[in-house]
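Order of writing sets the labels: A, B, C and D. Residues in every chain begin at 1.
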Amino acid sequence: MTAHGAIAILAIPLLAAALLAVLPGYRMTARLNMLATLLTLLAALSLLFVRPEPGPYLLVDDLNIVFIVLTTFVAFTTSVFSASYIGHEIESGRLTPSFLRFYHAMYQVLMFAMNLALVANNIGLMWVAIELATLTTVLMVGIYRTHEALEAAWKYFILGSVGIALALFGTILIYMAALPVIGEGLDAMVWTVLVTRAASFDPALLNVAFVFLLLGYGTKVGLAPLHAWLPDAHAEGPTPISAVLSGLLLNVALYALLRFKILLAVNPDAVAPGPLLVTMGLISLIFASFMLYRRRDIKRMFAYSSIEHMGIIAFAFGMGGPLANFAGLLHMTMHSLTKSAIFFAAGHISQVKGTQRMADMGGLTETHPVLGWGLVLGVVAIAGLPPLGIFMSEFLLVTSTFARQPLLAVLLVFGILLGFGALLLRLNAVAFGEPRGASADAKASYVPMFTHLALVFMAGIYLPPPLVAWFQNVAKLLG
Amino acid sequence: MRGLTFDIAHMLAGLLVLVSFIQLYQDRLTALLNVFALHALVLAMSVAWQAHAQGATHLYLTAGIALTFKAIVIPIVLHRIIVRLGIHREIENVVSVGPTMLLGMGLVALSMVVMLRVTADADPLAREDLAFALSVVLLGLLMMVTRRNAVSQVVGFMSLENGLVLAATGAKGMPLVVEISVAFSILIAFIVIGIFLFRIRERFDTVDVQALDRFRGDRR
Amino acid sequence: MAVILDLAVQGAQMLLVLLLAPLLTGVARKVKAHMLRRQGPPLLQTYRDLVRLLRKDVVLADNASWLFRVLPYAIFAATWVAASLVPTFATGLMFSWSADLIAIIALLGTARFALALAGLDVGTSFGGIGSSREVMIASLAEPAMLMIVFTLALIAGSTQLSTVAEFMQSPAVGLRVSLGLALVALIMVALAENARIPVDNPATHLELTMVHEAMVLEYSGRHLALIEFSAALKLLLYVSLIACVFAPWGLAPPGASLPSLTLGIAFYVGKLIVGGALLGLFESLIAKMRVFRVPQFLGAALMLGLLATLLLFVSRSL
Amino acid sequence: MAMIVALSCVALLLALAPLAIAIGRTRAAVPLIYGACAVISLISCLAAVAVLLAGGAAPTMTLPLGVPWIGAHFRIDALAAFFLAVVALGAAAASLFAIGYGRHEHAPLRVLPFYPAFLAGMNLVVLADDAFTFLAAWEFMSLTSWALVMAHHRERDNIHAGYVYLVMASAGTLSLLLAFGLLAGPDGGYVFADIRAAHPSAAFSALILGLALVGAGSKAGLVPLHVWLPLAHPAAPSHVSALMSGVMTKVAVYGFVRIVFDLLGPPDWWWSMVVLGIGGITSVMGVLYALMQHDLKRLLAYHTVENIGIIFIGLGLALAFKAHDMALPAALALTAGLLHVFNHSVFKSLLFFGAGAVLTATGERDMERLGGLIHRMPQTAFVFLVGCVAISALPPLNGFVSEWLTFQAILLSPQLPSWGLKFLVPAIGALLALSAALAAACFVKAFGVTFLGRPRTPAAERGRETDPYSLAAMFFFAALCLVAGTLPFIFIDALAPVAQSLVGARMPAQSGVQWLSVIPVAESRSSYNGLLVFLFMAVAGALAAFAIHRLASDRLRRAPPWDCGYPDPSPTTQYSADSFAQPIRRVFGSVVFRAREHVDMPAPHDPRPARLQVELRDLVWDLFYVPVARAVGFAADRLNHLQFLTIRQFLSLVFSALVILLLVIAIWQ
């Protein structure tokens, strides 16, 4: 069985990108965009059933299959959302058709890059893919060409490229470490080979490599203090891109980190990556929670909440162990779904209100019940309240941590509570109270938002056994 | 013969570090660009030497890329840009030269400590190169941190990537993937920076990053 | 047969307290008058007052509610039941176990609750003054009283008054500091609860000082009679409580013969007269205090009670 | 069987929520939803009672929900059955009340969907038999009740109330999360059975106790974690307030009992000192707060705090006795506490119903603007009066029975060997007595100012008697107060299996005792017969009335009030709620609330009115919460500067992070 499925999830976006770059008219292109992402999703689903053999470049295993399906799914729903969102942008004249063409093409390129990063079996290839993803998102963040957008894109670009450079250095170091054991050539960069031989690598070199990889890919993940690009990029870019950034790109970067964590975990003498991850995770969590209190821009606020949750996830993987890893994976999945749903809501809300300032929004549950309650549900989910999925992951994480590292767990709980306080404060102001701001009725497609929320709700109550089995395998893999 | 190869590689790599220091020392944009050209040149030479030493022909390609793009094209274009923007004036460092130098020294020492200790059993050629490469990377980063001006930051970034190339070539038989990706990334990086400088020029009368920072989130 | 006798004795007790309550008040008044070199009303005057009040019409405020008319009966009922549950001339009566000392205190609480509500019903300022002050006093007197109950319960190992009284007769109880403290506290509480000097003055209608009288200001006729009667009953209750705990002599044991019962009654009447006399004496010796000194007075009682209890808790374990 | 019934009731309730969203706008929605809730709750209440009385093995069930490899475990043992009965009973009555009350809801869609979900959440907490299900249900209960608090979100206070409430609630949940983390251990034995099997070390147990106190206490409203309660309970619609105050706090008590008595294994003696201390302080503080209020619903909410304190006193005593393996006294104390749980749920719900009826009749919650309602709402006034008497722990109603039992337990405590308890318990007794007396004062005020006297505003004059559904609910609970007060042995015996399972002994059976009286330990020691006391009072009262009307006079004339000769027609001359509390404020307030009175008396020639201003400070709020809020705000401001750095400065952050990590590596090797 050759890698048809794996090829497909790469080929479809590329073709679509080429097509979309030339086709005019936003209705048709938007539909084409949807269709392409749908096909990609189907291809990804096919991977569940027929799994190609790992080759020197491509690999599909338990770890990344989850990510691939998640990515393609969110990509699809986002494209549905984007269709209705972009339509409004065209009408309001924030985007010109030519830029729209560019936007759709870039969207597909981004999909291609992320899928490539996920299925890449070659650490160099993975690096290239993530770099490509960064560049495309940079261009899309700057697409509105307002002062703020450009500034955000510029900041993102500089910080991102520095991060990516560090990551490359780390990759080279890994190769150097593999060199004496595996010998020159391609094999020394193939992950499946590396992981089998990693036990005999030079541990010291691995450590330095991991430092660079942590900082490099950590920048993409948005861990504090490397997070600076993230809030602005989320706030200033088009909302679908914010959704994709928070929901997917962060995960992809984190996925890269996980690959290398496994590599280190195999080597007995290497420094345990756990403590580093835990520390950065806690810093991000608490820092972001404090930052939440002074936010006035709705999208920027949820960007910070993404940092917070990335911190929690990093913490979980840093703690390790079957429970914590399971919690981490679950939290990552739930966070992608929930956060993108929230951005869908936030996007429509800011379109209706004509602003992103939360001070100009209020009483949404009165003026726009569906949007308002959707936002409430989303925030409730992201805050980790039952019966939604994130509650389960936080439950598993906190309970399993406290018995092992009471102090860490207390810090974790402190951070979570802090962030919750801030989110709830804003939610109360935006969703309840006297209606404020414009009250034009929203021309929005609620399907993507509520699909995500429904899935999160489902997961909070009942996790299907196959999914559980996957997560448990991966959790074992992560050690 | 082995000894000579090693010495020359060592010398070239050391030279690269030295040039990085010179870069740090510069506080005029034009001079800075020239020095950067030199930096790229030395890089090209060292890469070429590595190609010779390792007998890896594809590294000559890398050397060529480095030479043409970084040593020639980019400096010229940047010269153009700064002329067009009319900023030949002094570029003020955040940290004055002296402390910067000291900091640089510290970084080099650090990278030595880390690397030499790390690759104790790796082959010495690669080891030296790695150490120097790391210091070049760190110095490039230091440059980005200590300069206010966008162009000089870009220069710092590129010298950082030079360090990467040095490391990549130092790694024996690293597949072509890497060179391509490096070149590719530099290319893209340069184009995007160009676009940005251009757009930025449309809107602001300077590329000074602080001007960008005047519009910051939540100040609205 | 025995059951009939028990019932009779129980009934006798209920009637006895009813009969003797006005007498006690009369005695107190008489003694006070004598101390003031006055002749004072005859002992039976209180009975006459009650009867006259009962005969008179009720003049009801226009906006008085049905509750206003029900409350006097509730007050009377609660107080009467409470009073007839305290051993007077015999212990271990048929129904004496149906409520222990705590319950008796609570019954008085019910009566007070009703009285305070009555003060608020018509919506006059004086009624309000009376009720608010009454509850303030009660909120301090009740805890003090309960501390005393604790003391007794810890000594006698029971909150059942009959048991306590029998225990107090037995030689097992020595002379105790706690008992002394408890007695003092009990007397202070009793004065406060019965609106006697120095806490309140049953005879005054000087508006700003009165508490009990202010509450019942709007009552007249049979209602007033009932309330006065329950006041008398309450006084009797406290006197017989003190008597049966601290002077348990002559109490007829359970299932005693008729002669010993009559002897008990004689003893009891004697105790009442002594108690009333002492009360009158005390009241004519001391002056009334300001309303906001009362908390300190009762706080002292509470502290004494708590001290007594603490001593016991520490000294012995049942 | 019972389990199936209970769970299907929960499922039905959950199913009602989406239905309510669907039909919420129609007129039939209110009676339909609330009627269904009432019926379902009644059924599950019956099921619970059946389990409680039948005894025998506890029905259990496991569903493939929740944490995948564990599933959702459910179990109805005696404890769960008792609390399930309390919850379901309160829910049934509240739903019945709401059939009438809910009609006045102006935005039913904000109440109807969340109400059944809230009920379901409370049921689930009691049924849960593993940590995840328990906590999920617990937090779900908070969440849905929060939504109900936000129902009238237009008032600013309510938004603040909702905020404080949900933050405190999730703080509590998180601390329970930590507690269960310790109980379950690192590899996650979340099922209660496993937790019982494993015994944590002494230090851990103490930690768990602390966490349980914070977690359950913040929901139950222990001082100083009570601040959310008087904000949130009044903000919700009255039938929800009744549920939150009367039932949800009991669910919190259940959580505490479940963890400390059941899961945590043998207690340490000093734990009881902590619990007793907090309970005593809570009871007195709660009633003092309540006395200072003039908002009827807020007064009731604060008074809930007091009763929670009384319950925890009972639980603390039970802990003390259990720690010294004195099983019988422990059983007595525990029964007292649990009986008070039931009683309080009954009369507090009743009182909130009354407050709701007043609110719908007059549109006023502020007692200073009410008065004289007994003339226009006689039936409501009557049931409210019953509730007041019951909650003031006065015989012959039920509040007295449980407090009497608590006193009996206190009187047994000299047998305790440990000295700390010897000193503490009498003081606690004094506090309990004090709070009981103050409670009476508090409810003289509540009833007197609201229902008696003359109406203070036109709104109060326009009041009309409330609807039959509400009245039915209120009369039902009033009757229950009387039954539980006169025939307490039924409930005491029903609680026997609970005590048996938790402290290994039970109170002597009361049903056999002659004349149906209650004898906690021995007849010679103490006994109480509510039935006889009630009968005596009834007979005595009737006798007196009969005799007087027959033999003396029964004539009656109406006349203007006397009032010492100069009655003032204006209703403002009546004693107001604040002036009624003034003596007690002067006695206690100056210490507890830093109460200050500023009198502004104009000079003789000056026509402006004299003013008396009273200033009360909530020390708990000032000492605990304001500093925390300040600290968070300060940190947020400081850190917020990081948002406004230049790119270069961000780069230097990255740079320094890199250098530091390299240094770490260099040093570490």
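We adopt the following convention: a residue touches a chain if its C-beta (ideal position, glycine included) is under 8 Å from a C-beta of that chain, and two chains touch if they have at least 3 such contacts.
Note that the structure is predicted; figures quoted are calculated from it, not measured.
K.L.:
Could you tell me which chains are in contact with chain B and with chain C alike?
P.N.:
Chains that touch both chain B and chain C, as defined above, are D.
K.L.:
Name the most central chain, where centre means the mean of Cα atoms.
P.N.:
Answer for the innermost chain: D.
K.L.:
Give the label of the chain whose average Cα location is farthest from that of chain B.
P.N.:
Max centre-to-centre separation from chain B belongs to C.
K.L.:
How big is the gap, in whole Å, between where the Cα atoms of chain A centre and where those of chain B centre?
P.N.:
31
K.L.:
Once you find the CA centre of chain C and the CA centre of chain D, what distance in Å lies between them?
P.N.:
Computed from C-alpha means, the inter-chain centre distance equals 35 Å.
K.L.:
What's the distance between the Cα centroids of chain A and chain C, rounded to whole Å?
P.N.:
Between these chains, centre-to-centre, one finds 78 Å.
K.L.:
Between chain B and chain D, what distance separates the C-alpha centroids? Give it in angstrom.
P.N.:
Taking the mean C-alpha position of each chain, the two centres sit 69 Å apart.
K.L.:
Residue numbers in chain C touching 2 or more other chains?
P.N.:
Residues: none.
K.L.:
Among the residues of chain A, which ones contact at least 2 other chains?
P.N.:
154-155, 158, 162, 166, 204, 207-208, 231, 294 - these are the residues of chain A that touch more than one other chain.
K.L.:
Residues of chain B that touch two or more other chains: which are they?
P.N.:
Correct list: 114, 117-118, 141, 144, 153, 209, 212-213, 216-218.
K.L.:
Touching pairs of chains, all of them, please.
P.N.:
Applying the touch rule to all chain pairs gives A-B, A-D, B-D, C-D.
K.L.:
So in the complex, the part of chain B that touches chain D is made up of which residues?
P.N.:
94, 107, 110-111, 113-114, 117-118, 138, 141-142, 144-145, 147-148, 153, 209-210, 212-213, 216-219
K.L.:
List the residues on chain A that touch chain D in their complex, please.
P.N.:
For this pair, the touching residues of chain A are 154-155, 158-159, 162-163, 166, 204, 207-208, 211-212, 214-215, 219, 225-226, 228-229, 231, 271, 276, 287, 290-291, 293-294, 321-323, 363, 365, 380, 383, 385-387, 391-392, 394-396, 398-404, 409-410, 413, 416-418, 420-421, 424-425, 428-429, 432-434, 460-463, 465, 468.
K.L.:
Show me the residue ranges of chain C that touch chain D in the complex, using the header's touch definition.
P.N.:
The contact residues of chain C facing chain D are 51, 54-63, 65-67, 73-74, 76-78, 80-81, 95, 97-100, 102-103, 106-107, 109-110, 112-113, 116-117, 119-129, 131-133, 135-136, 138-143, 146-147, 150, 153-154, 157-160, 163, 205, 207, 217-218, 221-222, 226, 291-292, 295, 302, 305-306, 309-310, 312-314, 316-318.
K.L.:
Could you please specify the touching residues of chain A with respect to chain B in the complex?
P.N.:
Chain A reaches chain B through residues 122, 124-125, 127-128, 131, 135, 138-139, 142, 145, 147-148, 150-155, 157-158, 161-162, 164-166, 168-169, 171-173, 175-176, 179-180, 184-186, 188-189, 202, 204-205, 207-208, 231-232, 235, 294-297, 300, 357.
K.L.:
In the complex, go through chain B and note every residue touching chain A.
P.N.:
Residue list for chain B touching chain A: 114-115, 117-122, 126, 130, 133-134, 137, 141, 144, 153, 157, 160-161, 163-164, 167-168, 171-175, 177-178, 181-182, 184-185, 188-189, 192-193, 196, 199-200, 203, 209, 212-213, 215-218, 220.
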